[in-house]
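Handing you a structure now.
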Amino acid sequence: MIAARLQSEPFDSAIVQAALLAGRTDLGAAVAFTGLVRADEGLVALTLEHYPAMTLAQMQAIAADAAVRWPNTIGTIIHRHGRLLPGDSIVLVVTASPHRAHAFAAAQFLMDWLKTKAPFWKREEWADGTTRWVEAKGIDDAAAERW
Amino acid sequence: MIAARLQSEPFDSAIVQAALLAGRTDLGAAVAFTGLVRADEGLVALTLEHYPAMTLAQMQAIAADAAVRWPNTIGTIIHRHGRLLPGDSIVLVVTASPHRAHAFAAAQFLMDWLKTKAPFWKREEWADGTTRWVEAKGIDDAAAERW
Amino acid sequence: MMQLLYFAWVREMVGTDSETITLPADITTVAALLDWLATRSPGHAAALADRSRIRIAVDQGFATPATPLNNPREIAIFPPVTGG
Amino acid sequence: MMQLLYFAWVREMVGTDSETITLPADITTVAALLDWLATRSPGHAAALADRSRIRIAVDQGFATPATPLNNPREIAIFPPVTGG
């Protein structure tokens, strides 16, 4: 089971990981990936727009796909929306598995698919008052293609 | 810079990750890998023996190697020794990088090398009173060979 | 009657986040819908000018230009996603 | 005079975690050292019987059977590592 959550509030990765591992005795490996707002020179804020009716459903579909590919792996994915500041956390992917290779692979798969399949759009606000929509990166498509 | 620590005490991955990220503004991705004692049926405890004069030096050499391979990546690795119980954490590898591919790669590299190059030996204690030294796995050697 | 939704810079260029339309009977694919929408206003035309930068969801599932339209209730038009 | 260190089941089979020895002058490689050590006791012989399961560090750096011995201060003998 890989659960998905969509929220504007911050998350605490330690609490999420502890909740995921609680009561399980067969897990030898946990991977927690955190995506952060990089404080690129002059960046004031990042706003994540999303598609309310579709985004969580898409996250759940990606999670279900990962759970089929790695049946022994459990996880939680959390994606924030709204206005975030440099250094803030954007996304959390926690996976846990009997063996580390599966925990790493599932976490990378989930991140690659969140980057290319979850309907979020990032708008940057700069110190000079301009705003800019972040362009999708070919490298993210390439990363998602490998699965 | 990737720091290495060897200790018998538990660690708090959230505190380690927060310390790693503190004061840095160029990091978009953090990966925290935790290795845990799996509660295999009948396992009472796991004791990690190490080679005091060599183990920390070897961990530092592995960390320095990773820092050369991924120059933008920072990290902290912590390996415990002594007697641990099912569910206890054994090892922590936290990496952070401007981009997620490097953070994931460095964390996997560090784990593969800790598994095959750091002088630790695990002895299992079972409920029937027997003890058994864990055998090295060919799959770990294969994982380390890919780098 | 169906709902059109716009996100990110598509929303900004079209000038609204949603509109309710009646789909003409001869619009039977996503590609035909985009061609028709591009005639509705200069904003629509500008937003849809470069189709390589446009992504579509029909009833909340990703679609392609060739996707047929069978009484959709909701079509969303947006740039390539940039979450994560 | 040099120090030999044993770890894990090598330590248990040899029956001690360390011993101080004087290296015979004709022992000039790791492989020769292992052959010579195996003659010291039944425990040594048993521990070193399957060389494929033995790993060596000379002065705290990993070594191979072919590694030459140039006045080492410390040689450790142990099974393949199982940390992480």
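Each chain gets a letter, A, B, C and D, in the order it is written, and its residues are counted from 1.
In this text, a contact is a pair of C-beta atoms (placed from the backbone, for glycine too) under 8 Å apart; a residue touches a chain by one contact, two chains touch by 3 or more.
The model shown is predicted, which means the values in this text are computed figures rather than measured ones.
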item: Chains contacting each of chain B and chain D, listed by label; value: none
item: Between chain A and chain C, centroid-to-centroid distance (C-alpha), Å; value: 26
item: Rounded Å distance between chain B and chain C, as computed from the means of their C-alpha atoms; value: 49
item: Between chain C and chain D, centroid-to-centroid distance (C-alpha), Å; value: 72
item: Shared-contact residues (touching 2 or more other chains) in chain A; value: 35, 111
item: Where chain D touches two or more other chains, by residue; value: none
item: Inter-chain touch pairs (all); value: A-B, A-C, B-D
item: Interfacial residue positions of chain B with respect to chain D in the complex; value: 35, 48-51, 53-54, 57, 79, 90-91, 111, 114-123, 133-136, 140
item: Chain B-facing residues of chain D, complex; value: 5, 7-9, 57, 60, 62, 74, 76, 78-84
item: Touch list for chain A against partner chain B, complex; value: 12-14, 17, 21, 25-40, 86-87, 98, 100-101, 103-104, 107-108, 111, 139, 143
